[in-house]
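Listed next: structures, encoded as structure tokens.
In the two complexes below, subunit A is the common chain; its partner is subunit B in one and subunit C in the other.
Then we have the complex of A and B:
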């Protein structure tokens, strides 16, 4: 039956090579489709909606780009955020993502496929993850073999470490940046292998795309020079590398400087100096080789020593003078926090408050990568055993990225692809060895590679081979199960729509955020200013279209601190701050009713810390907000400062009248499991304007100044 | 009447004189060393004698090696950093002085102030009585010079910008390293083959790998106890029950388990390499056993952290 089917399709008559290609193509397309569809959990469970916080900003800018064209977008000054300062958008973002989405949108619409811009945004990340699958296949094929490439491609399709940032709806830079990064690596390896100008230019273009889409390009522009340097040290430097690197660096740097946000950074900041240094070194190396070929050995040695001494001295002097004159920018905070892990924690409260900047536990390594965690060293071992230029590159990539992933959990994303590549190499090597042994029983046509050594290579009987292949297959199956489970459990909630299970097992949907944002949109004046903690800024501007005080682009610490002070101070003091900032509405997120744990009371400590970190916030001291035993509480034991803070009052206003759980007193906070301490109070300077269905979002209107002076 | 006036004038002169003299003495002392060592007498004359127009920030500590107070040394060096920053700053004035009282040599001062632990940092204000806030809260604010500076600013309104002396340790280490490298280059000459042996590099790389995947960096940044001993039951738990916390012991377990699985795989894949080796069969089986067993262990350990994790292999 099978045979007839094959014959009918004309496959049986194909040559061996064509059959192989067909199998490869099939596997690759299945992997692509799988990588797209596994990311659709949230769309199927909820609806086609954009997730979280940053994507809302990206969505808003993309809409601006599509509606008003590139120049409007480029020159956009946003007066709806950071009131009263405003924010220059065009020059402070990486435009790659928006341009890509707009391009996709325009292409579809050109062919009269009228797809909505929001849907383009929602499905962009899954689409690019399919492209990533192909690039990973190509890259691994260059490094090792077709087999390893297919295994790696199948793995990257479903690895949770990558899915976490590229599910449908997470419309963020990382979604396309990983594709750009791997594309750059692929073209770089091609360029360094062939030494062709064409591939080097493609590499520069890919690098440009990468720079335009993500700040993580700094990793890339340090990794490639590191590769070149390593090749130099190991004596593998050749004209191919010279051509590839010089073209890539010079064209890539000039292109990258066209991004307004990057500007002159590639020639000024220290993150980029390694690349420049290696570029210089390449020229010197090539020149020295040229001299060596044309001079006698003794003359050359004398010349070499003198020049090296002078050059070192000059370099040291220049560096010193430039640093002293401030020409070379100091290490920027974010980059420095990677090199010295405890830097950020001690120095910048905002960085410390973002959970994405936390270090990684072994559990989250396992959670995000499962068997890759231990297949990775296996692949590494095989790379070391047959060192080639390309292998050295992936080894360097793996070691540097695992270091960074250890420091910052967010950089798991950069690690995931190389984990897949390495594991692909490891698994494919193991399988390739034993698969042959299974085959060897049947006198099948030998494949082109293994034909020669066949007789001597198979000392192990096929039973063992069968057992081992079975076990590896079981492992791979557990990987698939694990990945699907993790994706479904952890990475598929849009966080703007929440879901929970009720007592009877029914699903309860909490759609409070959209409810509240829409209320704002339809019930407040167009120019109303809304104050909230910065987490909700992007969502507010994108969905409610109202002016906000601070948002997730945390560029102005003192402004955020001012909002923190308003939240943490007692009412009368807050009122002066709110009037100073011209606030009309205040929005707080409250979980005490629904059990939503990442609400403002839980974030309140950070507001206090950040609020107290500037001179204006001197009256705010963290210790005042703890109970007498030094705990963070909201019940009777909570301190006076806590009970009287605006945040506390706005969250718990009239909460004391409510029964939240059976058998518990009224005003029982279900997140902190405490009965609130201050139940009966009135608000003086604000009045309740709106509370959403499950009380998650509460909006208050700031009262006008009373027209008669208060007594 | 005249006599009384003269007496008053004399008294004022004496007291102001002595105040001036004391300030002068203090200034001189702090020129000599930024942190003034106080003994019984100096303590009495500089702090207990009342009209003062300067604040004193005093660290009470126990620096003698036999006291075995590690934190005291750290706190002391931070304190010196702060005092030096003040002493060498442009805005150095005599509104605030830094001093230190060592328990050995000042035990009676400790007793008088009812201090039972060290280190303690107290602020003696220029005027008025000491308040509760004049005791620096080491537990909550830490011992860093910056934290103390902030507190000093709150208490005495003297702004001190902490300037840390550049840390030469790294430079020295780099120097030693470069020296070692160039030394090896000189001695070994052309036989640097050992650097080109891939095995050494592979071992180093794998070492980094296992260290990272077992969360060593997390431990380095956050710090964690080796294991947890439950007081009530007396049982020791090596694995933290939450997935975003961990113990030192735990990371070693995970590193070993990961290493064993990876080793098992390499054993398995390398078994058929040497066709003449009669043990290759056992190598393959051994590798397989390692992989299956330790993978099951890993799953079991992970289930301890993620209670709802549904998968297991052998147990």
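Then we have the complex of A and C:
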């Protein structure tokens, strides 16, 4: 039957090479389609909207770009965000994502395919994940073989670690940045293999695209020099590498400096110094090799030692002076937290408060990568077995990224592709070895005709091969099921619409956010200023179109700290802060009623820490907010400062009258599993304006001063 | 359609009509005893309605809107208002922007006391009087409670240019120390105190000396004005026509009539009421527009302010009006210079800081309406085309860059096309 089908399609008559190409193309396109469609859970279950907090801002800027053109976007001064400081959008974002989306939109519309910009944004990440599949195939093919490439490509299509940031509706930088990063690696490997100027320039351009789309480009601009340096040390440095790196670095750096947000950082900050140093080292190395070829050995040695000593001293001195004069930017906090996981936690609350910046747990490695965790060392082993320039690159990539992924959950994203590549190599090589053994059993006679490797023959060779192939197949099957399950359950529930299962197993939808934002949009004056914790800033501006005090772009610590102080202080003190910031409405997220655990009371410790981290917030001490036994509580053991803070009062206002769970007293907080301690109180400086259906969003209006002067 | 038209007509009538004043009288006699005060009131361009305090048709609110602009209550000892009006109704009236004038006496009733307390003025207990053994009038009957008071507030807009001392016989008041809005219109002299004339002094009086208020005012945050006279008699015909003479000084005409008239003018917002009209701001030499300012632009700001003087809007003239350009803190604070038409102007340079700024005029002077105008504008940074193209101090760098480029081309030429001669020979 199958044969006849093949014959009917005319495939049987194709040559062997063409058949292979056909199979490859089929596998690759199926992987692409799969990678697109597996990311559509959230759209199918909910609707085609932007789902997360941060992407709302990207969506808003993209709209601006599409409506007003690039220059308006580039010069956009956003007076709705960060009231009253405002924010220069053009100079403080990586524009790659928006420009890509706008380009896609314009191309479609040019051909009269009328697709609206929201849908472009929603489906951009799945689309780019399809492109990533192709790039991973090409990259692995360069490093190992076509087979490994196909396995790696199929894996990257469904690996949860990557899906977590690229589902439909999560319109974030990472969605396209991973594609850009792998494209740069691919072109880099091509360039270093061929030494051609064309590939080096492609690499520089890919690097430029990467820089324009994600701050993670710093990883890339350190990894490539590291590769070059390793090649130099291992004596593999050649003219090909010299040409590739010099062109890539100089053109790439000049291009990257065209992004306003990056500016002069590539020549000033210490994160980029490694690349510059290696660039210099390349020149010296080439020059030294040239001298060595034209001088006698003794003369050369004398010259070499003198020059190296002087150069090292001069370099050290320059570095010291430049750092002292502030020419080289001090090591920034985010970078420190990469090297020392406890640095941020101890020093910069704002960085530590982001859950993405927490160290990764073992469980999440398995959750996000499953089978790959075990197959990764196998691939690494095969890479070490036959070292090439390209292999060294992927080895370096895998070792560095596994370290960084251990430091910060968010960098799991960088690890996922190399995990796929390594596992692809591992699985493909294993299967290639053992598949041959299975085949060798049936036609027993012809296999012995080569007779070269008698030593590799061992008893029950075929049985072992069968077992191994079966086991790998089972693993691969479970991997597919695991990935689909994780995608469906964990990464496709948008944070804008919450879903929970009721006790009868039905899906309950909490649409409180949009309910509240719409209330704000239609019931408050257009220039009303809304204060909330920064997590909700982007959404508020995009969905409610109101001016906000702080948002997710956490660039001004003092301003955020001021908001933290307002939330953590007693009412009368908060009032002066809110008046200073011209606040009209205050919005809090409260989960005690619905059981939504990432609410403001759980984030409150961060507000206290950040609020207390500036001189104005001296009165806020973290220890005051713990109970006498040193616990973070909301029940009657909670401290006085906790009970009197504005945040506590706003969250639990009138909550004491509510019965949340059967068999529990009124005012029972379902997140903290405590009965609140302060049930009966009135608000003096704010009044309740709106509470959403499940009490998740509560909005308060800041009262005016009393008209007749008496309180 | 017809109904809409009627509504429009009604609105038009309301808009053009004169301010409405309700005078609540204690009884029939009040019209006689206070005829001069009421006659003066009649000349103040206002439509007056008279009602008795216990009148069952007494209404101050209809369909949720106040139906008068001002209420004058000449009923100090009323125990309960007609039509079940409570003190809260009067306070709501003030909160809705209406003005209120009340008189008290040493037989002050509970409603008046409650209203006064809510506007930050505490009236002493019934039966007490303000007693002054040094500054009593010579016609006093022995209790020394008919006193001559002359410690007026310095705010001319309330009490007039140079008020003459007035005769006072009534109850003392004290300002609520928590309330910053109370104005001491007339204070008692250093030697006065508040107590019942017939009883021994066993406890400390409510207030003594100059903390004892005889006439108190309050301007609410919505600019509604309230005045409480401690004496119902001081605005009566008898006091209007009397002379003042203490044991110390010579006789002179009592200033009651002029004082009462000035204070009423203030209370009815015929004096000291400010309003602002057009607020304009623009870049120097350009027409006003909604477009954001750019940092270091030269900007102009102007605001038209008018003042109510004796019931007429005239251009306001003052030298102390300031404009602030605020982003949390004021970055620019400048005096506005008025012209003859009351247009206050200032030109200034926008600071070199971007953000959302407000033009803010916050003119808060005792006796005047609190003038508060904010206009929000954005100040944006330079666009990418607005920076200097060539910076003079960077010429050496330009030179080095271009010479480098030139050098590279020359070098490439030589490198590619030069051949060593000696080798060929």
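Here, the second predicted complex is superposed on the first by the 689 of 711 C-alpha atoms of A that agree within 3 Å, B and C clash if a C-alpha of one lies under 4 Å from a C-alpha of the other, contacts with A are read in each partner's own complex, and residues count from 1 in each chain.
The definition used in the following text is that a residue touches a chain if its C-beta (ideal position, glycine included) is under 8 Å from a C-beta of that chain, and two chains touch if they have at least 3 such contacts.
Remember, it's a predicted structure, so these values are computed and weren't measured experimentally.
Residue contacts after overlaying the shared chain place A:527 against subunit C, while subunit B stays out of touching range.
In the superposed model, A:481 makes contact with subunit B only, not with subunit C. When the two structures are aligned on the shared chain, A:581 is found in touch with subunit C, with no touch to subunit B. Touched residues of subunit A, counted separately for subunit B and subunit C, are more numerous for B. By the document's definition of touching, neither partner reaches A:303: not subunit B, not subunit C.
After overlaying the two complexes on the shared chain, residue contacts for A:74 are found with subunit C alone; subunit B is out of touch. When the two complexes are overlaid on their common chain A, residue A:83 makes contact with subunit C while staying clear of subunit B.
By the touch criterion stated above, A:373 is placed in contact with subunit B alone, subunit C being left untouched. Legend: residue contacts after superposition of the two complexes on their common chain; A:705 is shown touching subunit C, with no touch to subunit B. Shared interface residues of subunit A (contacting subunit B in one complex, subunit C in the other): none. Of all the residues in subunit C, the ones that touch subunit A in their complex are 91, 94-95, 118-120, 176, 178-182, 218, 220-222, 224, 292, 327-328, 354-358, 376, 378-381, 383-384. Of all residues in subunit B, only 137, 140, 144, 196, 198-199, 201-202, 205-206, 208-210, 212-218, 220-222, 243-246, 250-251, 254, 258-259, 261-262, 265-266, 268-269, 271-272, 275-277, 280-281, 284-285, 288, 291-292, 295, 298, 302, 305-306, 308, 310-311, 313 touch subunit A in the complex they form.
Within the complex formed with subunit B, the subunit A residues making contact are 234, 341-342, 345-346, 358-367, 371, 373-378, 380-382, 384-385, 387, 395, 398-399, 402-403, 405-407, 426, 429-430, 433-434, 437, 456-461, 464, 467-468, 471, 475, 478, 481-482, 485, 489, 622-623, 630. Of all residues in subunit A, only 71, 74-75, 77, 79, 83-86, 88, 90, 527, 547, 580-581, 704-711 touch subunit C in the complex they form.
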